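Chains here go by letter, A, B and C, matching the order in which they are written, and residues are numbered from 1 within each.
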Amino acid sequence: MRLRLTPRDTSFFDLLADSAQHLVTGANLLAELLGADRPTRKELAKKLAETEHLADDATHTIMRRLNQTFVTPFDRDDIYGLASALDDCMDYMEEAADLIVLYKIEELPARVGEQVQVLQRAAELTAEAMPRLRSLNDLAEYWVEVNRLENQADKIHRKLLAELFDNVSDPILLIKLKEVIEILEQAADAFEKVANMVETIALKES
Amino acid sequence: MRLRLTPRDTSFFDLLADSAQHLVTGANLLAELLGADRPTRKELAKKLAETEHLADDATHTIMRRLNQTFVTPFDRDDIYGLASALDDCMDYMEEAADLIVLYKIEELPARVGEQVQVLQRAAELTAEAMPRLRSLNDLAEYWVEVNRLENQADKIHRKLLAELFDNVSDPILLIKLKEVIEILEQAADAFEKVANMVETIALKES
Amino acid sequence: MRLRLTPRDTSFFDLLADSAQHLVTGANLLAELLGADRPTRKELAKKLAETEHLADDATHTIMRRLNQTFVTPFDRDDIYGLASALDDCMDYMEEAADLIVLYKIEELPARVGEQVQVLQRAAELTAEAMPRLRSLNDLAEYWVEVNRLENQADKIHRKLLAELFDNVSDPILLIKLKEVIEILEQAADAFEKVANMVETIALKES
């Protein structure tokens, strides 16, 4: 609906796709970390922190480019919002990994694995969707599926909370585990927020 | 101050009013739930979750309409923000009810009733104010009163926190109760955010 | 890049500088409070609450002026965002002070002092930077340094968390201390958010 002046700087799509690709790497490292022993966990958390730095650089590149480009492929604020939202997904995953190591958690409840599987799937779908922003085609299946995944994550999260209070009698361990599963839930919310932004962009531009 | 092209799609006002009406239902269910026994609480939390779904549908209708309408009664982002903020109020109330059930909390501190009374009053005021957005008349009393209510909620919340740490010696029970009263405080903040947005809209458009 | 109609209302710069000046006062009161005995802490927390009220008034003045001014020195939303972000810095500092008193915490870990020193430095830099928004000169050193400070705050915060879980065996005391140090971390994040907004404004306007 907005007037468009050509040529539009299309490299934003590549930058957003790069950023989303880091999320796939991050989610996979997180999944690997859950099943690892403590020394390996420490290494994997370090790798995840490095991936988070790369994602951070990608976000800063987008922001800088955004501030210097006169014509953007769509609404400047939408690109800004999308880059920030992708960044949030990574931050939560990195924070969860860091706390698992920092809190010296021995064993995580099995259902935490289900939470992380949801994140892995959401990350893959997000990375696949970003390049499709160029044409704005075939995006509906992506945002519908990520919304469904978030509902699933929410159910897993509430079940985990109930299990935690039923089974963990040590309050200090409970505080640690509760924080980790809540950050993973925030990561799932962050992926949904990305999908909602993509939906808004697609509807506005269509 | 902005140019207006007629006709403006005024049905946004009805949609926002509908959305706010669900908040009244939600706050009343929450109040009822506090005094109920555990099986009744479960039923009431289910009803609140259903109300939350209805509110969610209302929000999605607003968002979809917003993305497809060329001329909106006021700034597109303001309508979007208002609908999201109303949604947040509901989400917090539903989450509080759900956790009370999930955590199998037996008895809640009396002052939690005061928190919920503030939410009921804020919900009523919000539902009454939404239709007045059409004319932008008589809104000041609404936002002033909701700001006052939020201050009151904040005082109740801090008193509750102090009481909790003075009286509850079981750390696990304390974690549960603290989370519930904090979510109720976030609900009061969310109502204030709605009121602040209405104030901003009214001042811009006047 | 936007068209500018003169005269621009430059008093926004003074209002933002005023608002930032309250942050310096607030951070210093917070530092003083850490080392004080309990009755003095109560008085200092009260003074901090008064400072927070003054800052609140400053924010409301900005918002009101913003809604009534046709031409603003830069993007209306950017001024709004900056005023809100400055407000958040103060809110977190006030909340931390209030909880230290409310929770009747006797002794705080030494490293909390390091967290507050970072906040004092960030507040000073912010107050010095605000008047430079007028010319948009010499701002890069400010936002680079505040970003560095936030990284430092993050490291201190994670060390504090590890120390807390290693050394505090009383879960109720742990809950109290954890909340205080997390709010201080949120204050550091809030200062970084201000700096990021200043960076965005400077890049857009340059």
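Points to keep in mind about this one:
Note that in this section a contact is a pair of C-beta atoms (placed from the backbone, for glycine too) under 8 Å apart; a residue touches a chain by one contact, two chains touch by 3 or more.
Predicted model only: the values in this text are computed from it and were never measured.
Shared numbers divided by all numbers used gives the overlap of an interface; between chain A and chain B this overlap falls below half, so the copies present different residues. Remark: rotation between chain B and chain C after Cα superposition is 120° (nearest 5).
Distance between chain A and chain B, defined via averaged C-alpha coordinates, is recorded as 27 Å. Within chain B, residues 171, 175 each touch two or more of the remaining chains.
Only residues 63-64, 67-68, 70, 98-99, 102-104, 171-172, 175-176 of chain B touch chain A when the two sit together in their complex. For chain C in complex with chain A, the residues that touch the partner chain are 1, 158, 161-162, 165, 169, 171, 174-175, 178, 200, 203-204.
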